[in-house]
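One structure coming up, written as structure tokens, with questions to follow.
A, B, C and D label the chains in the order they appear, each numbered from 1.
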Amino acid sequence: MTETIGKNELARMFAGAAARIRSEHEQLSELDSIGGDGDHGATMLRAMTRLEEATIPERTGDLKTILREAGWSVLGVDGGASSSMLGIFFSGMSDAPITSASLDCAGLTAAFEAGLKAASKQTRAVPGDKTMMDALIPAVQALRSAADRGGCITEALEAAANAARAGAESTKNLTAHYGRAKHLGEKTLGYQDPGAMSVALIFEGFCSGLAESKGETDNG
Amino acid sequence: MKMKKFINQPQRIVPELLEGLALAFPDKLRLVGSNIVARAVPKAAGKVRVVTLGGSGHEPGLSGFVGQGMLDFSVAGEIFAAPGAPRCLEAIRMAAERGESVLFVVLNHAGDVMSANITMDMAASQGLNVKMILTHEDISGGPNPEDRRGLVGFLPVYKVSGAAAEEGRSLQECLEIAERMERNMRTLAVAVRTATHPSTGHAIFDLGEDEMEVGMGQHGEAGTMRMQLKTADETADIMLDLLLKDLDVKRGEDLLVIVNGAGATTLMELLIVFRRVSHALKEKGINLARSRVGEYITTQEQAGFQLMIARMDPELLRYWDAPADAPYFVTP
Amino acid sequence: MKMKKFINQPQRIVPELLEGLALAFPDKLRLVGSNIVARAVPKAAGKVRVVTLGGSGHEPGLSGFVGQGMLDFSVAGEIFAAPGAPRCLEAIRMAAERGESVLFVVLNHAGDVMSANITMDMAASQGLNVKMILTHEDISGGPNPEDRRGLVGFLPVYKVSGAAAEEGRSLQECLEIAERMERNMRTLAVAVRTATHPSTGHAIFDLGEDEMEVGMGQHGEAGTMRMQLKTADETADIMLDLLLKDLDVKRGEDLLVIVNGAGATTLMELLIVFRRVSHALKEKGINLARSRVGEYITTQEQAGFQLMIARMDPELLRYWDAPADAPYFVTP
Amino acid sequence: MTETIGKNELARMFAGAAARIRSEHEQLSELDSIGGDGDHGATMLRAMTRLEEATIPERTGDLKTILREAGWSVLGVDGGASSSMLGIFFSGMSDAPITSASLDCAGLTAAFEAGLKAASKQTRAVPGDKTMMDALIPAVQALRSAADRGGCITEALEAAANAARAGAESTKNLTAHYGRAKHLGEKTLGYQDPGAMSVALIFEGFCSGLAESKGETDNG
């Protein structure tokens, strides 16, 4: 069980998220073409590459800097709504008080909450509007309650991933109110919101990536 | 239907088309920074700069309107994708190089708006004097302005604010003129055949062999009214009536009308549609003050068109008529 | 593929599109006689008139170039069909109303040439002072000029002869300038997707899903080289090399380059093609003096483009740069 | 057997030609779309209507005037090469010395020869170039020899129609040298030239139209 997130762990989390997106990007674009313009998968691919680049071992600077630059770099993806939301989310994480070289569960939770706060500033969408917020908000909330229960980071991220997945699933029964899909009314009923699905994949990827990193630290 | 396009690598489309644009119009514009298009000859120091952002694949929109009397900078995104905030900020920094103030024209699309808002936050934190105007004139979005997309209406907004800036009006004045133009314009689009996404090669929407869709967005976003294909006159009447009603146009008022081709629809058809629009306005006692028929913002080889109407006042007409010299919009 | 076009009755297409054109540009042109387009404000009495004829369905060509500094009259035929001699004579009579002499610009297509020749016989028998110039720059026709069709090269011919006429040059001088322009230009077309004939609704030619055809005519006339679809750069190189060779262009010479879209091919693609042409000319030490990228003569929703090069001398450049104000060609 | 062509007979000839073209116009357009632009059938339909209009009983004026106006009216069809060639052909017929109100076989032959002379001025195409001249020239020649043999108009026109048909058939084995199809080289091999086929149909129509008129004059 992981107790702290340092630069290596963050790199593993991002790598895990990138791996999940890469395996699902076609489905993401398909979902986006139902109500949008079909580019969400491509955008997320580019965003994930930026995340990975931001955490290559060569990168100097503390966690705070790495998170801000990772977010900025995702903003530079030119991917429209989703890359802006995610970019602001990651760069916003750096607004949290990060003093040490690594974050414990409470610190990681605070960072995610700061990211959510920044992202929320950029959209009026709330859960039920069929956007990535339907996955992001419950994910961060689950992280918070797990942390308050004193759970370890692994447990907390598992809880967040499950909450994100449930939130993404729930968008199937919603009609979009924001983004390109909002013009569609009923037409997206029965389909997940691609952005929400991406958020779920990212949190799932955090967990699997961290598991690997844990495995390796054990071996080392 | 297999995509057949003259491109090289899909991921090189945007830089290559922008380079082609700069090479074709060296006297009008040049490339600066990363996929940012700037006027070849900047307007006099101190005058307000007009900057816009938007995805590519809509040529000549948006960068084809950089030039004297119109845009000073255009930030080009990937195909159908808004450019990120960092590049928008880069452009605004260049525009404000010598302390000029900047009018930032943004078409209402989720991605563009988000980039623009983040850009405005950053610009403010850096003490830049920027004001943003959002164009949202697509009546298919329903009553709530926020839900209305920005379609070809960007053109008169660029034109009148660009002319006002050229004349030396203040940022506040340019903004007010742009806002008055924006408040008084309405657009509705119709599509009859889909386009292929130049990067993916996939059709961006589906439509039955004898159907047309009114309210279609600029990136394959589904519309609001799917119906049997109609004649040019019937289609023009349906769309014009919705627009006139929404803008609440009265007898005797002056209108600017733009018929914008989506890509594969011929100028032949656009002119036949315009003919009906002109007749219908005459019947209703509304004055067709100005008009344009052509391709200003396209969606690849999509077939269809946008019909835009705008209520004009003497000042707006004066700025609409003012000289302009952009690659794809010239007024002598 | 079922035709989806915004028209009313097929047999009304031409009069309706011309009426739309006149309604959209009342300050530039008007309809006179039977499907004849004339300048709204005739040029000063006594100056040479430039008149052309051609089938419709190619908009903006040819009537979209009636205006100051370009055409005085355009005789529009049916879709893809030359107008008959009687209407051509009608236009020339109007052009020569006050005894003016007339330059008659004819694109080399069997039907147009035949109408033009008959018109010239009639005009001569009526003592009208008319000289005719035939444009035939399509190198796909082979070595014999007679076999070369007139493609987008009509544009520089209209432009330089129109500017010369505007300047008050004599008919003989205007003819010589037009002929020098014509002798020094070459065009080659490529098509990747067929168009539907707006009257019949049928595809005007067939092409395999991964083929392109070089040498394609403007009405579905089959080309000379059918090959696998190539990239933008490869296609540009193939076509440019054939053109440079045929015109025997030397290092350091000044070229005008026009990339003309056939209809459905996007400006995005045309700009990417132009980029390569520009690079290739630089590599060869040839000077890209002027350029245009856009749609000047189309074939409905056909996908493809025409690449035109022309060797320019100082006088031709001066007339190319002279002011023009036609609906679809404006030089400030 | 018909001995003279007056206004009524001319009207019947044109009506017969129009009837033949109307029943075959789709095939004409098909042939034109192999090497041309597929509009030949439509053009010929319009041309035939003009011919019929020029000979409605209400029309005043002598044969000479009627022929000239018929030709001019066909020139006004805006049909490209074929309507120009036919228009010039018919208006050219009026160049022949036509004094009486009706033409005997020699007079009709002279008129057709005058028409051919005018048409030939407008094209460099000769038999073998795969144009309407491949049908028109032999047709007029056949008319001449029949007339010289002292045959009646019916016989002469039958001979002309057969010659035109043979000439049109012969274009199957030719490659086009004029018109839109000239750019095709071998591609039109095996197909008749549409313009030549039209000429054959027109002369066949002259015969059938005249036969009717004969029938009717018998009854009257």
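Going forward, contacts are C-beta pairs under 8 Å (C-beta built on N, C-alpha and C of every residue); 3 or more make two chains touch, one makes a residue touch a chain.
Predicted, not measured: the structure shown is a model, and the values here were computed from it.
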| item | value |
| --- | --- |
| Intersection of the contact lists for chain A and chain D | none |
| Whole-Å separation of chain centres (CA-atom averages), chain B against chain C | 29 |
| Geometric centre distance via CA averages, chain D-chain C, whole Å | 33 |
| Centroid distance [mean C-alpha coordinates] between chain C and chain A, Å | 56 |
| Listing of all chain pairs that touch each other, if any do | A-B, B-C, C-D |
| List of chain D residues in touch with chain C within their complex | 29, 33, 35-39, 42-43, 72, 75-85, 87-88, 122-123, 178-184, 187 |
| In the complex with chain B, residue positions of chain C that touch it | 1-2, 4-8, 13, 16-21, 23-24, 56-57, 59-60, 64, 192-193, 198, 209-210, 212, 229, 231-233, 235, 263-275, 278, 288, 291-295, 298, 300-301, 303, 305, 323, 325, 328, 330-332 |
| Residues of chain B that touch chain A when the two form their complex | 55, 77-87, 109-112, 114-115, 117-118, 140-141, 147, 149, 197, 199-200, 202, 204-205, 215, 217, 219-224 |
